[in-house]
Each structure stands twice: as structure tokens, then as C-alpha cells.
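The following pair of complexes shares a single chain, chain A, combined with chain B in the former and chain C in the latter.
On to the complex of A and B.
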């Protein structure tokens, strides 16, 4: 079976992650319950005639994928696999609003065309002239991991050699208002917002896109190897420990073989208890968190993947993502664990090249 | 007629999201499709909806579109003659 190398990555997020080195400049938000992505300059990336119809999520996805391919020195991948929780929700809202406002008349094509979940993957393929396998997974908070799993299986079985895998999600005004109403988003009165010292339910919501070039050959600038991953729709808190232990066992690993654990804590006290259950398993190694930087959204775990792979490549953990004070000289294996509201659990194992 | 042309340019910029184009950049006789503004078939559909929504004009024969959407000048003339609102 072929190995699955991460040979390039691009990340657009609420931090300066696109044009800068790995987390060299970050801002920690404590006052906004919705944090918007810092948009790269699209003029050099997307022709103006095409960009005028593209929603934010599509543009972020195009930018992240362009960087991921460039880093891997790949012009056109064999396949494009995307994960998204809510797709192009901004255009969906515009289309539905027009439907209601105009009494189901005067429906214009652009918002409709751009409102489907697979617009991001489709626009990337159109831009590259990639006619290969193109698939979009819409599986809530395991959308990115579902895309990764598909890519990993295809690479391991030599069905494809180079796959662009990624995730994109955008915020939109009406959906954010609904999320506030149902307490998915933290209240203004819960300020200052914090992930580790939170005493409120709900999350700080955000958006972003992360793309990765996966190949079955190692390159000079490879980040890491995608070793294994597992997804599970639902788990009780008391099942998390055995979920992780059996995953490690399946991969012939013990707890002590893991050098860093990257956790998806998001400051929602109702569900961060899932991560507390993991703390005790990995209480002697560095623990990393990232949603104080990325915010929460369906594919925020792709930002965590970017953090984990960058730690393996750089062999260093930036201070700003450290949850504890344990140090290690070398990092060989990183385990990521994420869940959202007690559902959509994922484990991803990366190793040093 | 001059006011209608200005209004039309403004609406086209808004509906078609022509972010980098100002009203002054569009000449009355510039072709809307091809070499001029460079609009495409999706834009043509947007313009058909614009005529219906804003001026109450429904194009019964799509073949008419080619002549009507040639330029701002031809569009404004057709609207002035056929508008119902």
C-alpha cells in the first residue's frame, strides 16, 4: 500500500495564515462572537470576470487550493475532494431571500448556480481544467475528515497519485442570526470569550478554507504522512477513552507513542468535557488547541490539521497553541481529536516524514 | 432618455456585480457582450430578469435579445418603447 504524503498546504482563516509563516502573527479574539476570515488579495489569483460571481467561500477555497498546489509543485491534480458543512450558504440565502421577496418570480441564475455545496470543488476544477474525480462531502463537522478518508483510500490503492483535498465554509448573516437564536453562538454577555477558561455554552463562530495536496510520493518539502483516521457520528463521554484506545491499537500504537495531541476545544462548556476525558490519557505529552485562533465552524478541524502538519514539519510548537507546559525535543506522531456538540467525532493520525 | 441610460448602467453594475466598473466607464454604444463589457450567457439571463422585474418587459422571443442587448443605447430605446412600469 502506498503512503499518503502531505506535500503542500494553503490556509485562509481569521488569522494571517495565507501569506505568512506558520502562526508568526496571531490575534486572539475575546470580544467578537463571529470572527470573519482575513481575505487574501484575490486579484492575482482569480480573473475579475470570474471573481465577480464568486462568494467568499469559493474565493477562500480557490486561494487555499492554489497555495497547496504551488507548495507541492503540482499544476493539475488527478482528483479534487472537498468537505464543507454548509457549502455556499451566502448565495443560498440570497437565492431564497429573492424567492420570498419577489413572490417566487424574477429568479436570477447566478445565486442559484453558486448556491450548491459543490461550487468550491467545481470552481477549482474549472480554474485548473481538471476533469478528474471531483467529489464534495457534506457531513457536518466530519466533512473534511470524510474527504481525507476518500483521498487516503484512493492514494493507498493507487487509484490516483495526486489529490487536492480541502475544506471551506463561510459565514452568512441570516444563518449567523439563527445560530445566535438557538445558542450555537455565544451571547454578547458572555464576554470576554475564552476557549480554555470558558464558563459559557456556545462557541465563537468563524469561517475559512484549508486545502492540502496529498500524494503517494515523498517530496523535499513534504509536511507529514497521513497515517490513519477514523470518524464516528456519536459517542458518549465515557466512550471517548475506548474510542481513542482502540484506534491506537488498530494502528499498533500505545498512548506513549503519541508525541503531541491536538484537541478541538471550542469553549462550549456543555461539550468541552469530551476533551477533558482525553486529557487524562495524554497527561504526559504536549497538548495543543487551536480554535481560539480559528474559531468554530464545520470544517475548523482542517485548520487543526494544518496546525498539526506544520508542527511536524517545523518540529516546533508555537507558544500560542500550547495547552500545557510539557516539552519534547522531537515530534514523530501527532494525534488530532475533534467533535462538535458531542457528535461528529474524528481522530486523525499524522507522522513525521 | 439620458436619465434612463444612467439608471440602466447603475442597475447593470449592481446586478452583474461589476465591481471594478463605474457608470462613466460604460459608453452608450459599447457592445455589452464580446469586446465591450465582456458579458456572457449567464449575464444575458440576468438582463432578461432585470427587464421583467424593473420595467415589466417580458421577452416572448429570446431571439430578440441579441438586438436589444447590443448596447446601453439599444436597451434604453427598447425599454422606453415597451416598459409597463
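On to the complex of A and C.
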């Protein structure tokens, strides 16, 4: 069975992550409950006329995927697999609003055409002329991990050799207002916002796109190996520990084999208890968090994946993502754990090349 | 490696069970009608494949409390998935490594469009805000079948359910799962009705796939799920196998966001991949359940791709969309059930409403109910974003 190498990555997020070296400059937000992406210049990537019509999620996805392919020195991948929680929500909203406000009259198809959840993956394929396998997973916080699993199975079986895998999610005004209504998004009065020192429920919402080039050959610039992953629809807090230990066991690993754990804490006190539940398992190794940088959204875990793979490649953990003070001289295995509101749990295991 | 299908369930405008659907198919009874559950200005103009049960009636079937927050998509999906699990005679869903791969395009859009502004004024309807999310719909289906395990959803427009079946088969083949419930669900919504209306591909008549004078599609709502199980379970539990998934392929047309390429490149590639995996020749296909939406573009593109694959010897083919309407993300699930029924009963369901051959080629679909031995059925599904999928179902 072939291995699954991460050979290129591109990340657009609410931080400067696109044209910079790994987390060289970050801003910690404490005052905004919605943080928007710092989008790169699309001038070289997308013709201006096309860019004006394109949804933000599509543009971010195109930018991230272009970089992921370039880093891996790949022109056209064999397959494109995308994850998104909300798809092109802004176009959906525009079309829906127009149809309600105008009582189903005077509608134009553009927003409807772009509203399908697979628009990002389709537009990347169209741009590259890639006629290969093209899937889009839409399932809350495991959307990206579903795409990863699909790609991993195909690479290991040598059905495909190069797969572009990624995630994109955009914010849109109406949905954000609805999320505020039901406390998915933190209240203004919960400021200053913090992920680790939070005493409120809800999250700081954001958006972004991360793409990675996965291949079954190692290259000079490979980041890491995607070893294993697991998805689980729901768990009680007291089941998390055994969820993790049985995953490690299945992969012939012990707790002590893990060098770094990357956790999806998002500052929602009602559910960050899931991560506290695994604290004791990993109390002797560096713990890393990232949603204070990326914000929370359905595919924020792809940002975490980007952080974890970069840590393995650089063999260093930036101060800004450290949750504790444990140091290690070198890292060979990193475990990621993420969930959202107690649902859609994922474990991803990466190892050094 | 072939993957066993051990259960199936369906709810569509031609029946609330597998048996009812089969009965409608063999009695040539269409489910297309004027719309009654949705308030829309198009209700007197268009015909749709609507399930004539209200959300309350569907919820009652599922024994849900009256304060539930299920979208219609989740209600339909849960009913079909439960049927499939019962049909497979599964007593403990989690006795094996199990999963659910669902597919939908609208998710909870039916509720979002109903309460879009009301959400801000009426707290009582706010429970539906989180039901918009596609993953939430799948989670509810998983709950209704008592599944704790891997749950994910594919949304690639009108090929979604085919891709769910494909991933499910791959998960069984790789040993990642022992059992997986796969399929799709989509409820009618004003959003999709108006979307297809603006694209000017809705027919004001009964859809007539592969007819020279076809005027477009009728939308429909439905849900269908299959249970796929590993050989180990089949042996251990002494399962009755309904049919096998023997081949699948997905490719991208990479031509246009909504239109198919003139020569059906994506469709051609998808069918080719499926044959390669099934290790059979095109000549061995006994029946094609075509995507056949009856839009000018689809039927031309699909017809050309079929000719490219089968040449002069195109097998019996039909589109069953004149029965159900185009049920979008659920379509491939519905048509998987019909493909399995064709295999089980050695029968081909006719392509209703066809009168005139298309001027571009000489393809005549099967026009009457036809009995013949069926070993292999090929089912096509294509979606926006150039997404093209082919599944091959086999008797052995």
C-alpha cells in the first residue's frame, strides 16, 4: 500500500497566511465576533471580469489550490476533492432573497447557478481543465476530513497518484445574523473574546480556504505523511478518551508515540469540555490550538491541518499556537482532534516524512 | 471487488415503499401532478413529482415529537433509510463498523425559504435555523436508524446520490467499513423550482426524455437509500443479496458550470471508468437507466456519450424521470432502486412520453414494459459543475 504525502499547501484565512512564511505575523482578535478573510490579490489568478462575478469562497479556493499545486509542482491533478460546510452561501442567499422580495418574479439564474455546493471544486476543475474525479463533501465540521479520507483511500490503492484536496467556506450576512440569533456566534457583550480563557458559549465566526496536494510519492518539499483518520458522528464526553485510544490502537500506536496534539478548541464553554476530556491523555506533550487565529467555521479544521503539517515540516511550534509549555526536540507524529458542538468528531494522524 | 446490496428503501411521488414504486412502474403510472404542498406562483403552470404527504404526516410515520425541527429533506431521507435498514433485516445497527453516506442538494432550504424573515420576529420557528445545514439533515437520518459511526454527505448537485453509493462501495472495498447506508434525499423547494425556472429548463408539460420535441424537465422530490455490506457480513448473517455494485466511475466534464459538453466527454469518461472497474464489456449491459432529464442539452450530450461507448449496439435504455420527475441529489438513489428492481424482476421500465426520434441521432428508448433476463444495469447521473457519474449494478 502506497503512502499519502502532503506535497503542497495553500491557505487563505483571516490571518496573513497566503504569501507569507508560516504564521510569521498574526493578529489576535478580541473584539470582533465575525472575522473576515484577508484575501490575496487575485489579479494574477483570475481575470478581473470573471473575479467580479465569482463568489468569495470560489476565489479563496482558487487561490489556495493554485498555491497547493504550485508548491507540489503539479499542473493538473488526477482528481479534485473538496469539503465545504455551507457551500456558496452568499449566492444562495442572494437568490433566495430576490425570490422572496420579488415574489418569484424577475429572477436571473447567475446566483442560482453558483449556489450549488460543488461550485468551488467545479470551478477549479474548469480552470485547470481537469476531467478527473471530482467530489464535494458537505457535512459540518467533518467536510474537509471526508475529502481527506476519500483521497487517502484512492492514493493508497493507486487509483490516482495526485489529488488536490481542500476546503472552502465563506461568510454571508443573513446567515451570520441567524447564527447570532441562536447563539452560534458569541454576543457583543462577551468581549473580550478569547479561546482559552472564555467564559461564554458560542464562537467567533470566520471563513477561509485551505487546499493541499496529496500524492503517493515523496518529493523534496513534502510536508508530512497523512497516516490515518477517523470520522464519528457523535460522542458523549466520556467516550472521547476511548475514541482516541482505539484509533491509536488500530494504527498500532500508543499514547506515548504522539509528539504533538492539535486541538480544535473554539472558546465555546459548552463544548470545549470535549478537549478538556483528553487533556490527561496528552499532559506530557506540547498541545497546540489554532482557532484563536482562524476563527471557527465548518472547515476551520483544514487550517488546523495546515498548522500541523507545517509544524512537522519546520520541526518547530510557533509560540502563538502553544497551549502549554512542554517542549520537544523533534516531532514525528502529530494528532489532530476536532469536533463542533459535540458532533462531527474527527481524528487525523500526520507523521514526519 | 463487488459490493453486496442487502437492503433498499424509497419514498417518491410514485409510492411510499419499494413495492408501491414497483407497482407504479409496471402499471406505467406517473407521479407528476400540480403542486399542492408549496405556495408558489408557478403552481398552475408546472407539474412536479410531489409526495402527497404533509410534513406532519411524514413526522408521524417516524414517531417524531411534534416539536421536532426536521426539514422535509430529513423527513423523507429518514423514512427511506429506515425502510432500507428494515429490508436488510438489521437488528443492531452498530454491531459492525457502520456508516451513513447521504446526499442532498437543498438540505433544509424548505424551512429557510419559509422563515427567512420570520426568524427575526418569531422565536418559535428559530429551531429550524440549524436545520438548513446539510450535515444536520444527515445527522437526523443517522439518529433515526440508530447509527453511531461515520456519517458524511456528498453534494455534487444531480449526481450526488450516485457519488454517495460510490464512496460507500469504496469504504466497503477498502475495509474501512463493514456496512454502509448510502443514498440521497431532496425535498421540493421554491428555491429549486425558481432556479430551474430561470435556467428555462422546466417543462410546462410532462417531460419526454430523448424526444426531439422535449421541452425540459419536471422537478420531483424523493429519497432512496441502499444498505451495502461486506462479504463477511453477508456470509455471517446469511443475508439475502438483492444485487451487487460492481462498477463505478466519476469524471468531470470541465466544460461549463451548468451545461454539458456537446460530445458528453465527462459522461463518456465516467462510463469507461465504471466498465474498467466492473471488468465487463459494454456489450454485457442489458439495460441503461439513463440520466435523461429531458432538457435539450442533457439528452443530446448523454445520447452522444452513449453512442461513443456502445456504437451501433446501444442496449435497451430508458429514463424513468417521466415517472418521478427529476429528484436532483436523490435521483441516482431512486434510479439505483429501479435498477435493482429491473435486475430482480427481469424487467425494463419504459421511457414514457417519447414520440419522435431526435434529429441528431437514431436512438429510440425502450417504449413498452419489456421482460428479459437482466444481469447488468448501467445507471448514469450528471450534475451541475460538470459532475458525471456512472454506476453498474449486477445480479451476480
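As a convention for this text, the second predicted complex is superposed on the first by the 353 of 353 C-alpha atoms of A that agree within 3 Å, B and C clash if a C-alpha of one lies under 4 Å from a C-alpha of the other, contacts with A are read in each partner's own complex, and residues count from 1 in each chain.
One rule holds for everything that comes next: a residue touches a chain if its C-beta (ideal position, glycine included) is under 8 Å from a C-beta of that chain, and two chains touch if they have at least 3 such contacts.
All of these numbers come straight from a predicted model, not from anything done at the bench.
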Query: With the two structures laid over each other on chain A, which partner does A:157 touch: chain B (first), chain C (second), both, or neither?
result: second
Message: Contact-wise, after the overlay, does A:148 reach chain B, chain C, both or neither (first, second, both, neither)?
response: neither
Message: Residues of chain A touched by chain B versus by chain C: which partner has the larger set?
response: C
Message: If we overlay the two complexes on their shared chain A, which of chain B and chain C does A:182 touch? Say first, second, both or neither.
response: second
Query: Counting only touches as set out at the top, which of chain B and chain C does A:109 meet: first, second, both, neither?
result: both
Partner chain in contact with A:118 - chain B first, chain C second, else both or neither: second
Which of chain B and chain C A:53 touches, first, second, both or neither: first
- line: Note: overlapping chain A surface for chain B and chain C spans 105, 107-109, 113
Task: Spell out the part of chain A that touches chain B in their complex, as residue ranges.
output: 48-49, 51-53, 102, 105-110, 113
Statement: So, in the complex, the side of chain C touching chain A is made of residues 40-42, 100, 105, 107, 109, 112-113, 116-117, 119-120, 126, 129-130, 133-136, 138-139, 142, 147-157, 163, 167, 170-171, 174, 176, 190-191, 194-195, 197-199, 250-258, 265-266, 269, 383-387
Message: Can you tell me which positions in chain B touch chain A when the two form their complex?
response: 15-20, 38, 40, 42, 45-46, 49, 52-53
- request: Report the residues of chain A in contact with chain C in the complex, numbered from low to high.
  value: 80, 85-87, 92, 95-97, 99-100, 103-105, 107-109, 112-119, 121-123, 125-126, 128-143, 146, 149-150, 153-154, 156-157, 174, 177-179, 181-182, 184, 230-234, 298, 343-344
